[in-house]
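In the two complexes below, chain A is the common chain; its partner is chain B in one and chain C in the other.
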Partner chain A sequence: MGALQVGVSTAETQRGAGVKIRRPAIPIVIFTVFWAALVVTPLVLTLIYSFLRQGELGIEWHFSTSAWSGLTAFGRGATLVRTFRIAITVTLIEFVVAFPAAYWLAKRVRSTALNVGVLALLTAPFFLSEDSRTVVWTSVYSNDGLVNSGLEKIGLIHGPISSLLFTETSIYLGLLPIYFGTMFFPIWMSLVLIDDEYIEATRDLGGSYFDLVKDVLLPLAAPGIIAGFIFTLVPILGDNVVSGLLGGGQVVLMSDTVQSLVYNFQYTETAAISIVITGVVAVLLLVLMRSRALRAGFVDLRR
Partner chain B sequence: MSSQPAVVSALVQPSGIRGRLSRASSAFEWIATRLGPILLFAFIFWIWFPIVDLALMSINKEPFRGIPNGSLTSGWYRSLFSAMGVTSAVRTSALIALVIGVLVAAISFTVARKFGTVRHRGVFLVYVLLPVFVPGLVFGFAVLIYSAQLGISLGNTTVAAVHLAWALPFGFLAMLIATSRLDLRLLEAAADLGATRWQVFRDIEFPLLRPGLVSALLFGFLLSFNELVRSIFVSGQTVTLPLYMWAQNSSHTSTVPLVYALETLIMLGSLALIGVAYWLLFRGASVSRLGRNV
Partner chain C sequence: MPDALDHVDSYHREMLTRDQLLRRSLVGLGALALGPAVLASARSASAATSAERSTTLSVFGPNYAELKSWSGFTQATGQKMNWSIVADATGPFVSKVVTGGAADHNDLLFFDGGVQNILGPKYLVAPDTSKMPGWSKIPHTVLYNPQMTYKGKPFGVPGVYNADSFGYYPKDLGTVTSYSVLFEDNRTLKKVAIEDNWLTTLPEAATYMIHKGYAKISDPSNMTPTEASKVVDFLIQRKKAGQFRTFWTSWEEAISLLGNREVIVANVWEPVIRALLAQGKKVEYAYSKEGYNKWMGAFWVPSHSANNPQIYDALNYFLGGQYAAQIAAEQGYATGRPDLGIAYVKAHPSQFKPADRTYVLQKYKETTTKYRSKYFWQNAAPQYRAEIESEWERFKSA
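Now for the complex of A and B:
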C-alpha cells in the first residue's frame, strides 16, 4: 500500500499547505459545457422519457409510471436477467483468465518487446469492427464448418455439434474473444505499476500464493481490475452484433428487445430499460469512485 | 511445541516451513509461469483466428465452411466494386471518420494541454470518459430522442455526434500520454530565454505533443470508421460502411463473401493505421514507463 498512500498524502499535504488553487482554463470550461450538451443531456432526457406517457401518436408530456410497470412484461424481465447473467459470467471468465495472464506478462516477462507486442496484439482488434471479427464464426461453427469437420476427422465426435451456433453457448463463444483485451489491458497496467519488492517481500516472509494474491496483488491492482470489469461489462450489456450473428434470433438479449421497441416507437419503455442498464453501470462507477485505491490511482496518474 | 510462537517453531523446524513454502511456491510458479502464458496465447490465437480466417476466406472460392482450401479466387474482390451501395458507403464513412478524426484531435489537444489546471482531475477524467460507461445502444437511443426534441433530422449530423462522443475519450487518453511525458521545464526554459508564448508553443510544445495529436486523429478516424452500435438508431438515410455490412451479414444471403472481401480490406487498412498510431505513441518506451504513462 506504500506507494498509494504516499500518493494520497502528497495530495493532502499540497491542499493543506495552501498551494494556490488554479482556476480551470477556458478550454476546460468550454469542453465541460459542450460535453454536458452532447452526452449528459441525452441521458437525462432518457430518464425523463421513462416517466412519460406513451400515446398513440408518440410521446405525451404527462407523468406516468406505466413504462416502469411494463418493464418485465412480455418476457422482458427474463431477457433482462438473461442478459445480465451472460454479461456477468463472461466478465468473470475474462477476469479469471486475464489476471494470471497479465501477471505473467507484467511481472515475469522482462522483455519490453514481448510486452509491447502482446499488448499490440490484444488492443489492436479493439479498433476493428466487431462485425468483421464475428461474422466468420458463422462459417467456422456451422455443422460442416471447420470445428465440426475437424473434430470429426480426428474422431472425437460422430455427427456435428449443432449447439455451436444459435444457442447460448455460441453467444459465449462469440463474446469471449472480443472482450478479452478490455479486461486484460487495465489489469496489466496496474500490475506493471506494483513495485517488485512487495512481491519479493511477500515470498520472503513465507507468504503463500493466496497471500500474495489476496494481500498484495488484488488490493494494489484494484483500480485496474475495477476498470477492467466496467470496460468489459458495459459493452457486453449493449452488444447486438454477437447476439445478432451467432444468436440467430434464438437467444433474445436486451439489445434485441431495445431494437424491436425502438423500431415500434415504444420510446418510454426503451427509456426505462436504458435507465436500468445505465443505472447498474452507474452504481458500479460510484463504488469505483469512492474506493480509496482508485482515488490514489488517479493521484498517481497526475505524476 | 505448539505453545511456541510461529517464528520460533520455524527456526526449530526449518524443514517444515520450507516445505510449506516450497509447496505454495511451486503451485504459484506453475500458475505464474505456465498457466498464465498458456491462457494468454490461447486467447491471442482465439482473437486473431477469425481475423486471419476472414482474410483467407475472402480469396477462397467456397468460403462458407471457414476452411481454407486450394481453390483461390479474386472474384469476390472484383465483384465488390460493382456491388450496389459499397462505394457510396465507403465514401460516407470515410468522410465522417475524417471529420471525427480532426475534431477528436483538435478537442483532445486543446483540453489535454490544460488538464493540469483542473482541480479534481479524477472526476474530470471520468466525465470525459462518460460515453465509455454508457452501453452503445442506450446512447444511440438517447441521442435519437434528443434530436427529436431539438428538431434535428437524423442523418450525417446525428451519426457524427454519436461518433464524436464515442471516439473522443480514447483520443483524449492518447493525448494525456503525450502531455504527461511533456517536460514542463523545457517550456519554462524557452520562456526564460526570451521566447514569446507563441514561439514556445510552435517550437517546443507542439512538436513534443505531435505524436499524441496524430494518434488521437488516427484513433478518432478508426473508431468512427468502424462504429456500428451507436449509429443504428440515429442513421436516418445515412448508410455508413459498418451499417451496410451489418445489413448484409444479418440477411444471411449469398453476398456474404463480398462482405468478407470488404471487411478484409477495411481491416488491413485499419491495422496499418493502428500500427502507425502505436509506433508514434510508444516508440522507445520501456515497460515501466509505458505503465506509468498510460
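Now for the complex of A and C:
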C-alpha cells in the first residue's frame, strides 16, 4: 500500500506548494450567520428551556432541574436505550449492505444503462412520502397479507405469523428499505470519485479484497461513509412514522415520546430529551470520525 | 309534521318550517299548519339574511363536528363556513389558542369539553343565552355536565356528543356486553386494538376495573396519580399477557384494523362501526354493562366574539334541527337538541336516504337509552393531566 500513500501525498504536495488558496470571506460569513441562527441558536434555546420550569400552559422563566430529574422516569430510559439500539443496528445493517452494493455499482458495472436503471430505481422512492412508503408494508406483513397468505398457500405455515407486524421485527423491516438510499448514495458518490488506478495498484501489489477495502476504499470513501451514517442514523432517531404504522404503538421510540410530550405541553422535558439525543449523536459521530480505518483517508482528503 | 313540532320552541319551529317551505317552493303542509304570517316573516328574514350577511364564519377545532356540506348552513345563516382543522388532542389545540392566537383569529372555537378549565375566562366568555331561543330546551344533563360548565355554570354551547364503548365481531364473540373482551379475555388475546389516547382508554379501563372490584376509583375521568398508576399497572400486565395487538390512532387505521380483521375488538368511535357496516362488515357497537365513555365537543366563544351577532346565528344553527339530523346521519352523533333532529328528519324525509332516516331516529332513541346507563364524562383537562399523561407513557413504553 506504500505506492498508494505516495500517490496521494504527491498530489497534495503539488497543490500545497504551487497554489495559494484565497479564503472566500463572504461565503464563510454567510454560512456562519446562517449556521449560528438556524442551528446553534435553537440548540442553545433548547438547552436553556430544559432548565426552566414547566407551567400549565407553557414555560415559566424560573430555573428548574425537574426536566432532567425525570429523564429516565415513566419508561423513558428504556425507550432511549431501545431507540438507540434500533437506530444503530439499522444503520450498521444498512452500511454492511450498502457498501458492497455501492462498490459494485461504482466500480464493477460497466453498462451505462444498468447504472442509470439502478440509480433510478433507488431514487424513485424519494418521490413518495415516508408515510406512503411505509403504509404499504402493513398489507404485506398483516395476518392476511402477502407474506402470510403466500407462506400458507405453499404449506410452510398453518396460521399467520403475527410477529411480522406491530413488533420490533416490523420496525426493522420498515426502517431498512426506507433508509437504504440515505446510506447508499453518499458512499456510492465517494467510491465513484476514487481513481480506478488505486484499485488496480492494490491488485498489482498482491493485495486481497480485504486489503482493498481496508486500505483503499474505506479511507478514501470516508467522507461518504460518514455522511451516510449521519443521513441514516439521525433521521431514524427522529422517525415516528415506522414506529407508528408498523410498530402499532407497541414498540415506542423516542420520537413517539417527544411527540406525546409536546402534545401535552411538557416542553422542558422534551428539551432535555432532545439535548440528550443530540449529545449522544455527537459523541457517536466523533467516535466514527476518529476511527482509525476512516480517519486516515478523511484527514488526507481534507488537506 | 305538527306532531313532530309540538315540543319544538317557536324559534326553531320557525327555522324548521322556513327551511322546509322555501325548499318546497313555498307550498305544502307546513304552510297550512303555520299560516301565512309565519311564512311571510320567514321569507323576509331569509331575504334579509342573504342580503346583509355575506360574511364567513371562521371556526377552529377538530373536524369531527364538520358536515360534509355547509350549504344548508349558508342558506340558513347567510354565512360561509371556514372550519380550520386541528388535531383532536388537547395539547395542539391549547397551544394554538395560547401561543398561536387561534382565539383572536376565529369567530368560534370548537373542542372537547373540559378545555374550558384550561383556557378559562382569559380566552373565553360564556355565551349570551338570551340570544339562543332554544337554550332552555337543551336537556339539563347536557347543559350542566362537567364538560360544559365552568365553576358550575354553563360556559360553552353543546356541539356534538355520544356515549362510546367498543366495536366487535359477534360471529367470533357472540353478543358482548362487557369491556372484558377488550381488556381481559383469552379469546381475544392479540386480537384487540386500543386507542392510543389516555383520554379514552385509561378511563375505560378504570371503569372496567371498578366493575370488577380491582380498584377503588372515585372518578375515572379525573383520576388521582395513584389511581392512574393502578390502572396502568393493570394495563401493563395485560399488555405483557399479549392482550393487545396494536394501538390505533386514526379513523383510517381503526377502519382498516377491524375491516381486515387484524383485530376483532377495538374501542373505536361509533362512526367507525357505521362505516364498516356500510361496507357490509358484520360488526356491532357494544352496549356495555360497565357503562359508557360519554364525551362532548362544544362550541366556545372567544372573548373578542362576545358581541358578534354572527356567531349567534351560527350557534342557533348548531342547536337547530338540520344540523342535528345531518350530523347524526353522517357521523352518528347527537347534538344539544335531539328533539329537533327527529323533527327535522320527519319534516324533510326526502333529504335523507331511507337507511339514514331510520338510523337517525333509532340513533336518538339509543342515545337516550344509553345516557340512562352508567357513564363517565370524558375530561380533556383532568386535574392531574400531566401525571396521567406520564402514566400513559409508562404503559406505552412497557
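Descriptive notes on the structure:
Keep this in mind: the second predicted complex is superposed on the first by the 236 of 303 C-alpha atoms of A that agree within 3 Å, B and C clash if a C-alpha of one lies under 4 Å from a C-alpha of the other, contacts with A are read in each partner's own complex, and residues count from 1 in each chain.
Going forward, contacts are C-beta pairs under 8 Å (C-beta built on N, C-alpha and C of every residue); 3 or more make two chains touch, one makes a residue touch a chain.
Computed from a prediction, not measured in an experiment: that's the story for all the values here.
When the two complexes are overlaid on their common chain A, residue A:Tyr179 makes contact with neither chain B nor chain C. In the superposition on chain A, A:Met189 contacts chain B only, with no contact to chain C.
Of the two partners chain B and chain C, it is B that touches the larger number of chain A residues. In the superposed model, A:Gly75 makes contact with chain C only, not with chain B. Shared-chain residue A:Leu285: touches chain B; no touch with chain C. Contact with neither chain B nor chain C is seen for A:Phe229 once the two complexes are overlaid on the shared chain.
With both structures placed on the common chain, the touch criterion links A:Ser142 to chain B and to chain C.
After overlaying the two complexes on the shared chain, residue contacts for A:Thr134 are found with chain B alone; chain C is out of touch.
In the superposed pair of complexes, A:Pro100 makes contact with chain B only, with no contact to chain C.
Chain A residues in contact with chain B (one complex) as well as with chain C (other complex) are 142, 144, 244, 262. Those residues of chain A lying in contact with chain B across their complex are 21-25, 27-28, 31-32, 35, 38-43, 45-46, 49, 97, 100-108, 112, 115-116, 118, 120-122, 124-125, 127-137, 139-142, 144-146, 149, 176-178, 180-181, 188-189, 192-193, 203, 206-210, 212, 230-231, 234-235, 237-241, 244-245, 255, 258-259, 262, 267, 270-271, 274, 277-278, 281-282, 285, 289, 294-295, 298-299, 301-302.
Listed in rising order, the residues of chain C touching chain A in the complex are 87, 89-92, 94-95, 98-99, 118, 190, 193, 196, 244-249, 256, 260-262, 385-386, 389-394, 396-398. Only residues 10, 17, 20-21, 24-25, 27-28, 31-33, 35-37, 39-40, 43-44, 46-51, 53-54, 57, 63-67, 107, 110-111, 113-115, 117-119, 121-128, 130-139, 141-146, 149, 161, 164-165, 180, 219, 222-223, 226, 228-229, 232-233, 242, 245-246, 249-250, 256, 259-260, 263-264, 266-267, 270-271, 273-275, 278, 282, 285-288, 290-292, 294 of chain B touch chain A when the two sit together in their complex.
Across the complex, chain C is touched by residues 54, 56-58, 70, 73-76, 78-79, 138, 142-144, 162, 165-166, 244, 248-250, 252, 256-257, 260-266 of chain A.
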